[in-house]
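Which chain is which? They are A, B and C, in the order written, and residues in each are numbered from 1.
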Amino acid sequence: MKIDGQIFSVFSVNPNQHAVSVQGVTFTYHGAERPALRAVSFVQSAGEMIGVMGASGAGKSTLAKCLNRIIPEFEDGDFRGTVRIAGEPLEHLRVCDVAPKVGMVFQDFESQLFSTNVAHEVAFAMEQVGMDRAEMDRRIIPALEAVGLRGFDHRDPMSLSGGEKQRLAIASVLALRPSVIVLDEPTTDLDPEGRAEVFELIAKLRAQGLSLIVIEHESEELRAADRIMVLREGEIAADGPPSEVFARTDLLMGCGVRPPGLGHALKLLGIDAQPESVAHAYDAIVRAYPHLTATLVDNLADSRAPEHPTIAENASIGSAFMAIEDVTFSYADGPRVLDSIDLRVEAGDFIAIVGQNGSGKTTLAKQIVGLLQPATGRVIIEGKDRAQMRPAETAREVAYVFQNPDHQIFAATVQEEVAFGPRNFGLADDEIRRRCDEALEAVGLQNERQSDPFLLSKGERQRLAVASVLVLRPRMLILDEPTTGLDHREQLRMMALVRDLNRAGIAIVIITHTPWLVAEYARRVVLLRKGAKIFDGGVREFFMQDELLRSSSFRAPEITELSRRFGTLALTTDEFVAWVKGRA
Amino acid sequence: MSDLRLMWRNTRMVVLCAISAALYAAVLVPFKVVPLIPGVTELRPANAIPVVCSFLFGPAAAWGSAIGNMIGDFFGGVSPGDIFGFFANLAYGWIPYKVWELIGRGQSPISRSPLGILKYVIACLAASVLCADLVGWADNVLVIRPFAMLGNVIIFNNMVSALVLSPFILAAVYPRVKKGRMLYTDVMPEVKLKPVGIRASGFALLIAGEGGAWIFGNLLSTGYWAPKFLPAWMIVAPYDKPVLIIVGPFILLAFAGLFMM
Amino acid sequence: MPIYLYIDRGTFVHRLHPTVKVFALFIMFWSVYWVDNPLALAPVGLVMLWIAQLTDSWPNFYRLRWFFAILVFSTTIAWMVFYRRGAVLVNVPIFHVSRLSLIFGIGRGIKLAELLAASVLFLSTTKIEEFTYGLQRMRVPYRVGFAISLSFRLVPLFIDSAVTIVDAQRLRGYDFNQGGPLERVRRYVPVVIPVFMGALRKANNMAMALEARGFGFSHEPTTFIDYPVTVADILAFAFLIALGTLSFMLYWTGLGGIGPLK
């Protein structure tokens, strides 16, 4: 993405005035027992960027909605306190009246695009406020230029990638030239490239003096903010510069926020510094442990010894639980999505399938479970050709958990939802009950049997989706992006569950974009590019392939990058800290 | 009537209208039909959607039903009769909640009591018949297809979906929508009901009008009844003129009743 | 699967002013309406074939081939039941098979096919935004036009999610093709409910995003889209007037009828 020079020099930024001032804001949703926000007060200077963090339900989105009158104008509930934008109180204004002052970008990009072409989308808000056509014409190109979408004017917004859609949403907000932009988890649903695009844009807007409030789960992304505000149960638990807030790792973890890996490592090593990059962290460690660099050569030798033998290398032909043999596939009239893929999965494997969007990851998974049929080649499950099995039969061997749990939940209670699968197979009631108990126990939902699945949290719904296929007792489980949209606490819980299932003997395949998931949980990595398998091996080996990683836009976790500077390869913070301490 | 107009002021209702329409069309397009007699009659699972939406989103569902049907036509091609299809589907999404407001007496539409079920059937039937009357009438008057064929097929299709599919969807969705405060009564609390006497009279006119239209539509379009008071040259197949002259007023009467509700 | 019929070809028909396209659809309907005789329907049919060739709309006709066939067939059959005129040629129970009912039925079938063809041509060459622009020009209130265009945009989204849900339920052992026709309709419940709930989750977000973009700020928003009128539009307009007049003349002179009917 290319973002051109200064375009929005027109923002009226008065450095002496607060861009946003929030005083004693308390809000309780209609019918809720306790307030979602409690006496929140803060001011934002013009041109400042504030990062807002916290677990799901901590009040982040509620706070964002208070800034443009969605609360209390649109959401029912009890609102107290005052919000001022550029000194002007918002009381008595409608949401649409605030639109020209405060721009708001939401997580769900599909729900905020309304037009059939890109230029018209940018014009949408301007049309609403009654701007004349000449003025709209003047603003559209600069807005598209600002987000790097110049030349996309006539495209259908639905044909854009996720990152492009979100940038388009930002452009349409920019066109009104608001003085404050609030971004509510703008990258949660995006892949790494999309995230990078959006954060590059955010940095650019900030450089131009816009006041920004960014709600975000990943602390690494917010290191560049002026301030970090952490919310816990509707209250501000911490508010300060990133170097201060990120140093309080215990507080962050208590608030369900993943502390930046580098800072956490330094803290565990007793170094008092908040590194902004891997290079910084390296320097800080070298200062504290100068002898580490002296043993660089030895370290390198260490790191080559594989700690986990890679199963792929040791596998003997014929013992695979599932094997894909030379599978090729393309959608009607389209290019090849899978190109002569071979893959073997053993009982007890834990594989991460990675690759850019469109590299064929999900298509591969659909081949395994039988939702798609290969054009050539075959899929063998337990020695049987999958082509001879019905999808329902395959389902008892290999289960697939879709990315969005809401794509399968329909029953009135959690219990019924889980029982749906075994009922379809005509199992006896006793057996169904026994299996449901077992599955619900495994995912930690045994106390929610009678709950309405639609009212569960996103993390719980994701675990319910796992339970509802687990109940068929499959021997292999494929999870498509199992942690998307979950906060850190829920992510850990989900992955602990997956690890337990793996230990119980179920082969696990996760499709993911998240480097630390791969590093901490997987034992083997399969990298796809344009439908071809270009790497299949151990996790450590994978993270040593600099060239491969770069060309696939996949980054190793920062802690892994840091450890490599010392000539070793650590997959987790704990592992790295133990290594350093071991040499001390 | 006022709620059909007032809803456009409310952003949520505008969105719910678009959602009802898109849901209707989205089920209409890929799961088009389970044919019973190919080319003549089929089961359209999609026809369950306007009924469900009507109980949930009220006036937004009425417009949504009309727009959704139009989108379905866009997928498969339109004909002049579709102008009437628009209003017929408007009625199909409009009548269930209107009738329910009157005879449901604040009950939830998912009640499983015998009386509750009977009321539900009445509401759906009232909606299906007027929808069928209007399309059948228009197609017969434009000499596209005879009333007796299309009119009855539509009633059958609509009722099957409304009885076989809608109750299950409604049972699952209604309590959740209610909890999320997205029922039209929660989204637009400002809409006030007319006095019950006026609404009851409206209902009576609706039933009389649509019932009459259905009976005479069938009798006339089959040539079974040849009214003496019409000139003989009119009473020949395809009977477009008798259907125009005699069935038309009944349909107007039904709509007049509906406006009163 | 492409859901809508629009085919982006950039021919001069595609570039016509939306109002002219809507008028063209009307004239096609008009022209078909006034004539009944299968022969008299031929000129309009030929014009449509010509436009189909010009605009390269054949894929859509191919896609809807069965729909066309069923439409013509069922309409012909239906009128042979209800159009009980003329001397009976063959005795078939329920049906009234006469030369007259045959001509009438086939004429109606062709007529309906031509109406459908006209709309397929319209949809093959007209974008949704042109259609809603046309509606606005016809004084349809802004918010109604907006709801229509938003619905069009949401349909593919919901279809995508329905298709995914069908897959997800199949992988839980669910068989959609079990049972008789009624049971098969009922088996859509586990698909429709998640689609519905997903849509509802979206509804609130969408309404919020709309207001946050100023929806409601002004009663009659301005419009950014503009279609200039060109010479081609004027020529097309004149051609359509001529076609409509010709068709009406066929009716007026009795040439377009099927004899005893008019």
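Rule of thumb we're sticking to: a contact is a pair of C-beta atoms (placed from the backbone, for glycine too) under 8 Å apart; a residue touches a chain by one contact, two chains touch by 3 or more.
Model, not experiment: these values are computed from the prediction.
In terms of inter-chain touching, the protein chains here all touch one another pairwise. Should one ask which of B-C and A-B has more C-beta pairs in contact, the pair is B-C.
Taking each chain's centre as the mean of its CA atoms, A is the chain most distant from chain C. Chain A and chain B have Cα centroids separated by 45 Å.
With centres taken as mean Cα positions, chain C sits 21 Å from chain B.
The residues of chain B that reach two or more other chains are 11, 172, 176, listed in rising order. Among the residues of chain C, those in touch with two or more other chains are 146, 150, 152-153, 157, 189, 193, 197, 202, 206-207, 210-211, 215-216. Across the assembly, chain A contributes residues 74, 410, 454 that each touch 2 or more other chains. Chain contact summary for the complex, chain B toward chain A: residues 11, 171-172, 175-176, 179, 181.
In the complex of the two chains, the chain A residues touching chain C come out as 65, 68, 70, 73-74, 94-97, 99-100, 103-104, 106, 108, 110-112, 114-117, 119-120, 123-133, 136, 140, 158, 172-173, 176, 366, 369, 371, 391-392, 394-396, 399-400, 402, 404, 406-410, 420-421, 424-425, 454, 468-469, 472. On chain C, the positions that touch chain A within their shared complex are 127-129, 146, 149-150, 152-153, 156-157, 161, 164-165, 167-175, 189-191, 193-194, 197-198, 201-202, 205-218, 220-226. Interface residues of chain C facing chain B in the complex, by the touch rule stated above, are 1, 3-5, 29, 33, 64, 67, 70-71, 73-75, 77-79, 81-85, 104, 108, 111-112, 115-117, 119-120, 122-123, 141, 143-144, 146-148, 150-155, 157-159, 162-163, 181-182, 184-186, 188-189, 192-193, 195-197, 199-200, 202-204, 206-207, 210-211, 215-216. Across the complex, chain C is touched by residues 8, 11-12, 14-19, 21-23, 25-27, 29-31, 34, 36, 38-40, 43, 45, 48-49, 52, 63-64, 67-68, 70-71, 73-80, 142-146, 148-149, 160-161, 164-165, 168-169, 172-173, 176-177, 180, 182, 221-223, 236-238 of chain B.
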